[in-house]
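Written out below as structure tokens is the structure these notes cover.
Should a chain be cited, it is by its letter among A, B and C, assigned in written order, with residues numbered from 1 in that chain.
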Amino acid sequence: MLDVHGLGKVYEGSGRRTEAVRDLTFSVAAGELVCLVGPSGCGKTTLLKCVGGLLAPTAGEVRLAGRTVDGPPPGMAFVFQEYGRSLLPWMRVGQNVELPLKQKRLSRERRRALVADALESVGLADAAGAYPWQLSGGMQQRVAIARALAYEPEVLLMDEPFAAVDAQTRAELEDLVRRLWRERGITILFVTHDIDEAVYLGERVLVLSASPTVVQQQLKVDLPVERDQLHTRVDPRFAELRTRVYEQVQAAKLGR
Amino acid sequence: MRGSDAALGAAGFAVFVLLGEAVPRLGLVDEDHFPPAGRIAGALGRELSDTAFWSALGDTLTGWALGLAIAVSAGVVAGVVISVVPWLREVTASTIEFLRPIPSVALIPLAVLLYGTELRSVLLLVVYASFWQVLIQVLYGVRDVDPVAEETARSYGLGAWARVRHVLWPSALPYVMTGVRLAAAVALILAVTAELVIGAPGLGARIAVAQTSQAVPEMYALIVVTGVLGLLINVGARAVERRALAWHQSVRGEVAV
Amino acid sequence: MGVPAGRVTSRAWGRAALRLVFALALPAVLVAVWWVASAGSTNVYWPPLRTVFGAFPDVWTGERLRGDVLPSVLRLAAGYAVAAVVGVALGTVIGSRRRVRALCEPVLEFLRAVPPPVLVPVIMLFAGIGDMMKIAVIASGCVWPVLLNTVEGVRAVDPVLAETARSYGITGVARLRDVVLRSASPQIFAGLRQALSIGIILMVISEMFAASNGLGFTIVQFQRGFAIPDMWTGILLLGLLGFLLSVLFRLAERRVLGWYHGLRESGRRSP
């Protein structure tokens, strides 16, 4: 579904040259949930923006379902970390979810059905008439997720979406992502700096090196599909996997 | 980046001046109505070597500075008093809302009758217009005082005067500075207006004379001078504001009023 | 906001009544003081308020309102509308491109700093002394605060918001209408508010300079003819007009920027 090949990104400005991403290659199969984890400041966001067509790579290419990505493709939806700044504060929740659909020129009934369905899935069926800033942080991120769902993407890109919410809310949102993934069979690429989160959510974890970023290691998460916060996190296999990922991230930090 | 921005800005200004030269020369507008930039510059040179110009500039600046000083002191005192006395705020709110939007130029006929072309005419208009800018910002600023700081001060037994000095004033200062900046710009507008319309001595009156005597390049030169004056006042007020508030840039807020 | 009419309690009525008393008390006192203090006034410049009030209906007859007030207000509306449209349109173009902004900013800052009333003699050269002159004066004075505030607002569109819009394919007109202009609207309104007070000043000044009708013209006529109570009624009417326009502006602002005030409020509650 998603193929990243030899991706590189170099920033150049005022005589300084910063290589953020160097020669990244990986692919995500249709319907897969892949987590990208790496030390902070390792160019995860740059990578995701290149994948999403928001940044033009300086080397290599990204292909979505066989087509080269050279701008934000209609088959991808983005969920940003800064939920408060990614929702339009002058539009109500329902309008926020609906706006990208208008751009897709869908009929009114279709739009209405998609908005209602998406808000229902994230448990915010009642909040359509509220303004985003009237909701809590976790609920705002749910709105952002609903907006992505209603867009009916083939691939959902999530950039540290839960880094700014409290632990309780975070656990709920993680379960929400797992459930939506299973129910809807969308392909998800999830970036996080939290190792536990990566292992808990992902079917596969890609460990990224420090900047300039390459893929340090790939790891299959062979935990059962059915996961929950209580049991999965005390599963000995979970502990094993997180230790492995942890070691890799540490190694990446030291640049080995 | 900043260097190239400055270069672009200078280029923009050069283009502006060149257009000012070329448009009338090419006959796109009548030279009698809009003389080429070179002739305006010549007129400006003549003005600068004329003592009457400098005394007019002095008159304008006197009206501006004196009016601004009166408006700022009155605005700050009134603002603090209204904020400190609890019921005063509610009682005065409607009156302020009514008086503030009254255009100060409505007072022109009154000023003419009472003071003629004296400086006091200018002051009446300048003070009335700039007073509200300061007062409103002071009121907003005091309302923005952190209640925790206020309660802390109260719990340590600070008296009313000490609370005003150590809690209220520093918290409101950013707003006060914004008010002063806005008032400084408004004061110049009204000073020049009073001179232009009433004929009180100053740059405005000199513009009116240039207009009636068909000295078009001189008129433009004087307008350029008022623009430069306005620019210097804006830049200066912003610099003072930044200096005074270097310690809490982050909490600085401008209220749209 | 959400209290149904049927459940408005007597306490709520009491509070509203108290607020009304607070709102009216000081104005009433001030008018009373003025009334009493000026009652026996023999000073020609400060006629008794009673005389001024008495003169009001005689001066501002239906015909005067149609012949002087209406033209003034229409010219103001026309000039202000032109300034708003031009200012927002040009400001959006300049604000969206960094290099254009750098190129134009110093010139714009200079043009804004020119006190608008000095434009009256300049524009009289070009447009004579008719309605066009006054509309042009008002427009050319009001345009700068709108323009510069729009530039600032458009420039400051949140980068996360801009990327969100881009990633969801929101481009072109929809981006301009639903993202850029809405995001800049608080600044645009701040500019429009400044422009409104400048516009009223210019409306009056341009009529004082050269006109055959209008509010500013009439008031100056009264002053020159030493019709002092009539002049006072003009000053009062002008004050009333300023107040009314500011109320209208506030209503419009509250409608358009309701979200912004809510956002700020919620930010203040939980920083």
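Simple rule for what comes next: contacts are C-beta pairs under 8 Å (C-beta built on N, C-alpha and C of every residue); 3 or more make two chains touch, one makes a residue touch a chain.
Quick caveat: nothing in here was measured; it's all calculated off a predicted structure.
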- Message: Quick check for the class: compute each chain's Cα centroid; which one is farthest from the centroid of chain A?
- Response: B
- Report the most central chain, judged by the distance from each chain's C-alpha mean to the global C-alpha mean. C
- Note on the structure: Rounded to the nearest Å, the gap separating the Cα centres of chain A and chain C is 47
- Note: chain B sits from chain A at a C-alpha centroid distance in Å of 51
- Message: How many angstrom lie between the centres of chain B and chain C, each centre taken as the mean Cα position?
- Response: 18
- Item | Footprint of chain A on chain C - complex, ascending | 158, 160-161, 163-164, 166-171, 174, 178-179, 182-183, 185, 259-260, 262-263, 266-267
- So in the complex, which bits of chain C are touching chain B? 19, 22-27, 30, 45, 99, 102-107, 109-122, 124-126, 186-187, 189-190, 193, 197-198, 200-201, 204-205, 208-209, 216, 219-220, 222-223, 228, 231, 234-235, 238-239, 242-243, 245-246
- Note on the structure: Touching chain C in the complex, chain B uses residues 4-5, 8-13, 15-16, 29, 32-34, 90-95, 97-110, 112-114, 185, 188-189, 192-193, 196-197, 204, 207-208, 210-211, 216, 219-220, 222-223, 226-231, 233-234, 256-257
- Task: Would you tell me which residues of chain A are touching chain C in their complex?
- Result: 49, 52-54, 72, 74, 76-78, 80, 82, 85-86, 88-91, 99-100, 102-104, 131, 133-134, 147, 151
